[in-house]
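Can you keep this structure in mind? I'll have questions shortly.
Every chain is named by a letter (A, B, C and D) in the order it is written, and numbering of its residues begins at 1.
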Amino acid sequence: MSHNTFGHLFRVTTWGESHGPALGCVVDGCPPGLPLRAEDIQVWLDRRRPGQGRFVTQRREPDEVRILSGVFEDARTDGQVTTGTPISMMIENVDQRSRDYSEIATAFRPGHADYAYFAKYGVRDYRGGGRASARETAARVAAGAVARAVLGESVVIRAALVQIGPHAIDRGRWDWEETARNPFWSPDAGIVEVWEEHLETTRKAGSSTGAVVEVEATGVPAGWGAPLYGKLDAELAGALMSINAAKGVEIGAGFAAAALSGEDNADEMRAGNDGPTFLANHAGGILGGISSGQPVVARVAFKPTSSILTPRLSLNEAGEEIEIRTKGRHDPCVGIRAVPVVEAMTACVLADAFLRHRGQTGV
Amino acid sequence: MSHNTFGHLFRVTTWGESHGPALGCVVDGCPPGLPLRAEDIQVWLDRRRPGQGRFVTQRREPDEVRILSGVFEDARTDGQVTTGTPISMMIENVDQRSRDYSEIATAFRPGHADYAYFAKYGVRDYRGGGRASARETAARVAAGAVARAVLGESVVIRAALVQIGPHAIDRGRWDWEETARNPFWSPDAGIVEVWEEHLETTRKAGSSTGAVVEVEATGVPAGWGAPLYGKLDAELAGALMSINAAKGVEIGAGFAAAALSGEDNADEMRAGNDGPTFLANHAGGILGGISSGQPVVARVAFKPTSSILTPRLSLNEAGEEIEIRTKGRHDPCVGIRAVPVVEAMTACVLADAFLRHRGQTGV
Amino acid sequence: MSHNTFGHLFRVTTWGESHGPALGCVVDGCPPGLPLRAEDIQVWLDRRRPGQGRFVTQRREPDEVRILSGVFEDARTDGQVTTGTPISMMIENVDQRSRDYSEIATAFRPGHADYAYFAKYGVRDYRGGGRASARETAARVAAGAVARAVLGESVVIRAALVQIGPHAIDRGRWDWEETARNPFWSPDAGIVEVWEEHLETTRKAGSSTGAVVEVEATGVPAGWGAPLYGKLDAELAGALMSINAAKGVEIGAGFAAAALSGEDNADEMRAGNDGPTFLANHAGGILGGISSGQPVVARVAFKPTSSILTPRLSLNEAGEEIEIRTKGRHDPCVGIRAVPVVEAMTACVLADAFLRHRGQTGV
Amino acid sequence: MSHNTFGHLFRVTTWGESHGPALGCVVDGCPPGLPLRAEDIQVWLDRRRPGQGRFVTQRREPDEVRILSGVFEDARTDGQVTTGTPISMMIENVDQRSRDYSEIATAFRPGHADYAYFAKYGVRDYRGGGRASARETAARVAAGAVARAVLGESVVIRAALVQIGPHAIDRGRWDWEETARNPFWSPDAGIVEVWEEHLETTRKAGSSTGAVVEVEATGVPAGWGAPLYGKLDAELAGALMSINAAKGVEIGAGFAAAALSGEDNADEMRAGNDGPTFLANHAGGILGGISSGQPVVARVAFKPTSSILTPRLSLNEAGEEIEIRTKGRHDPCVGIRAVPVVEAMTACVLADAFLRHRGQTGV
């Protein structure tokens, strides 16, 4: 995690601005010999793609990925495989409409990175948020697809939306299959109508709303993670908090653990057929920064989209007081499209932990 | 953040086990010429020291720090100053009582790192949790003291306990002065009695309880942080989640932001005498991963201490089912002593962000 | 220096194979506000470009660079400037002729990376050496152009060829201007004819020859470099040795220093108008790993091109003994085109040292 | 390689000054379960220890190492083993005699790091060179001993002195056994008398002399190293150049390769019983940055000790011109005691390459 690179052995470097010619990433350190074609990545990008429903931005981006290096196909290999060298992937920006942004060229939109980038760098690509745009997350999703190839089929990573605005799901109705059937990745069919209504009201009011995403990784063997500052939960927390609009991360019981007693929080252990089983998972699959063999569980809170039509008080670069409303094509709830991004970052963190664990211990 | 090192330009490497001869850290990359004596570090260590009250472990450790390198005093310097070379600090373990732990040599304590370390490494120093013990946080506090010297007096970092078990403070009564007057670092005098009673009950029940710590850093100028994966909030999240028993981290409004509307969450800006002022701080002082000039605010949730007298179901290294109760000298609420640790980690992250920002921009 | 990334604050990640669709690099951590257009980079790439003379490969590559991110131009800036975000640069491969390489698909060319890549990865892009091809050095040169922008005009980095095969220049005739007048970057006009004859003979014999490049950086202030493992000379040595075909690196007097007496080797100091002056520069401008204010001087030895027409004994992937001669379009002396690459790597190392020094000390 | 840390998975951080209370290192990322006692490290430190002959410094340092963390011994383990957590090692400075250095407190010794440290940091521990002293290499040797444990017995690393001043060995007389029989680690019995005479003359003249060390690692399997910037030769070059007084590094044929023809330089391959055999080793066991299975061979040039009795022109901190002669206890040839240090750095680089290779490929 340094500037625009994250990971240690499985390293991802991303680049690109919202309205530049393209964006992409370089994935370095990938094991050789893994089958990897553009289609294997595209399938994940398509899940994140904008322009797919009433509740996400209407910007039309095909998000077609090209693999520029790091793979090779010849007669002797089983289709195209990774070669162990850097995998460069590029996605061209197609539907940029830079004109949308001309009036915010010198204005700071509250809640956005506009002012902070200006204060840091003295210059900024104001079109669509530039580097701070959520478009960058396409590169994360592409990297995540490679990470999944590294992890193999035994590790299953999936995320769901568990809250929009004040409306949380009923966990008793959790059904992973359901996430594919509604436009919100909701595991609870019962909440869908509530969310639709809430988003419709929000959109009409020129407002926006926040959300909470939950991610689960099953099949992670005990032993991944590298204490103390490379703890698996610390790396997950850093990676998930680096996603646009994230304001909170918790593992397992998370903040609720503060209110538990020691007895209730202890995940008791029993002997199972395949090693230990646990009677609960308050730990979220991580003990002392190392995976325990239980499912790894994390949640991420996303703030409401900062781009809203309701006018807000602000300043411009000259320091003058202004009032600003953000037109353009925006998700009323960025948390929805964050679901595949949360999965991708989790996959990257796990792939890196896997390779480092194998490096240190040989297992 | 890699194994036992964190930071990029201001780099901290810690080492040591609970019951080894000593523990310590090496702080590398510190700017030269900063006044730094052992006393400057000891004052912070004394805040974290065990054996100071009814509600913290009774282990007696003087936690006396020695500076072994990286400082120099001669006639021409203003007392002892940093030289820019690695600062090695060591704290000897004095009150080890290894006998306390003999009966857990082959047993896994639920909630502890015992099983995970065993699964990862195949061997572990079981005495007092070994490397996973909270004793390691003394090294973090020592490093944090150096970080404060780097940041100077204009940056003020202070933390408080805002919740123990289910009992949260009344934020309307917040008074930073109060934190020095009670054994809980509570900013709310009104909650102290409630917490005392809760802890007394918890202790008598052989149980334990969780807590939430809030940290605030004022005086951080706009511009620190390095998007996208070195975002200031991402690095804070990683650093704070790496503390023992941490299960959640949030920045500014945090998880509550998910339930806010875009209008309410936007921190509007007005022109102040010294640059922009903000009408609210839901962002917790960080926009797009870069400090905005507002106070940086984070909260960390700590689970209840895993060492409890109440028997729990577990396994031993042979895979046999056992029942275990953890005797020994334990904090009923690890969150209390985590307060200075949260401050220290925040200081280290900020010092590193400061140096990197200065490196890239010259400011 | 990790896999395909080098640098700490000024970080360069390169990607691409000889016969893939493109190659490129991502430069991260660049200071903002520096004027940077594609033309500023192209001028350096043109110096390295193949197909420019009798003695370099006849592969025709325009090596046109595109900047895909990290720069921005608007009315208020002085032309296009860096924004502080990652600068992604791409060069398309045009003249690939993959058919040239079909017969070495399963054979190991002695001296090349063929066998080692196969042993490490089990799969390799054999076309033109794949990732191990000298084509990758175009990405280094592009990154070096950005590094020069960071260093500014006061730091001047220039390299020259000082030996081809057994024929070394006469240092008494050294004239930097001369390097632009001959196809060898020779600072000694008198050796040009000797080298031409040597190369002509070499080429006709289906052989190849080695070379030594010397680089000098003037205007480097005292104080850059970060002991002990980030020593300026250690980083230079690593960066220069990472260039294709490099087999040796020396700083200042280098290997000759082993035969000197302490008196002769000591660079005595006198008071100058602008700080210390030195009466000699055996140190090559670096003392204890830190720049001294003298010119930084290094030399790199390059082995003869491994692609030769003369048949050599070898093996194929099946382990069978074969005889191999490498047809195709090859430089008879890779050292010639390495001159701009040596400059570029030196620029990158210095830019990184500059930013890190500024980060730690504020100067 | 960053400040005072090197390595990626096998990471070494060193600290300490010549005349501080102690020096040491932290080795992080070591595989668990390796037998490691203080004696295993002491045996290597004893080879480097000062005060052992006429031709090395007369400073008397027992260099007794203590292991402070990262190892554990209990009934179930085979003696004391590594636990996978950071191994902290400390060596106390005993024979400091700080008074020796008082007269150089404000003077810059030519060839030493004095001026460069002052220019960089504005303050320096002038006693015995402070951090720039060769005493720090004891920490490298301790780390190297751990690295050897990681590599196991199949990898054998040994170095020899092949040149002192202008006197090179006769390679035809090379006998590794001989290195243990003379005080110079010379593999050539015939040169010993020549070197003794040369050193005696040098010492009497108040002068000093340089040297060249050669290191060889056998048993390194094909496949270690991570192109392109983590090439095995690039990492070796950086690590070896970081040793005090090093001015040049070469791999295999090194600088001599520049004068070879492509045919002579190509190491032809034949089928052996255990995989490929090579008919020569000009490559020094590394192709394209990856080990080939041949012995890894490198050479390092050391300049003459900068501390000499002969007066030299210099400056003091006030910028005044002075004449200086360096009294004290100095090696007339630092290259001699560098032999075990070169071995240690080679071991650390290889251990790190081994773990990273295993991480990426699983082999």
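We adopt the following convention: a contact is a pair of C-beta atoms (placed from the backbone, for glycine too) under 8 Å apart; a residue touches a chain by one contact, two chains touch by 3 or more.
Treat the numbers as computed from the prediction; the structure is a model and nothing was measured.
When chain centres are set by their Cα atoms, the one at the greatest distance from chain D is A. Interface comparison, A-B versus A-D: the higher number of contacting C-beta pairs is recorded for A-B.
Measuring from the averaged C-alpha position of chain A to that of chain C gives a distance of 38 Å.
Computed centre separation for the pair chain A/chain B is 27 angstrom, with centres defined by C-alpha atoms. Inter-chain spacing, taken between the CA centroids of chain A and chain D, is 45 Å.
Each of the following residues of chain B touches two or more other chains: 2-5, 8, 14, 29, 32, 84-85, 120-122, 131, 226-227, 361. Chain A meets chain D in the complex at residues 8-9, 29-32, 84-85, 226-227, 355-356, 358-362. Within the complex formed with chain D, the chain B residues making contact are 2-5, 11, 13-17, 20-24, 26, 28-29, 32-33, 66, 68-70, 72, 74, 77, 81, 83-88, 90, 105, 120-126, 130-131.
Chain D makes touch with chain C in their complex at residues 1-6, 8, 14, 108, 110-117, 119-122, 131-132, 136, 163-166, 202, 205, 207-212, 222-231, 233-242, 246-263, 265-271, 275-276, 279, 282-284, 286-293, 301-308, 310, 312-315, 319-321, 335, 357, 361.
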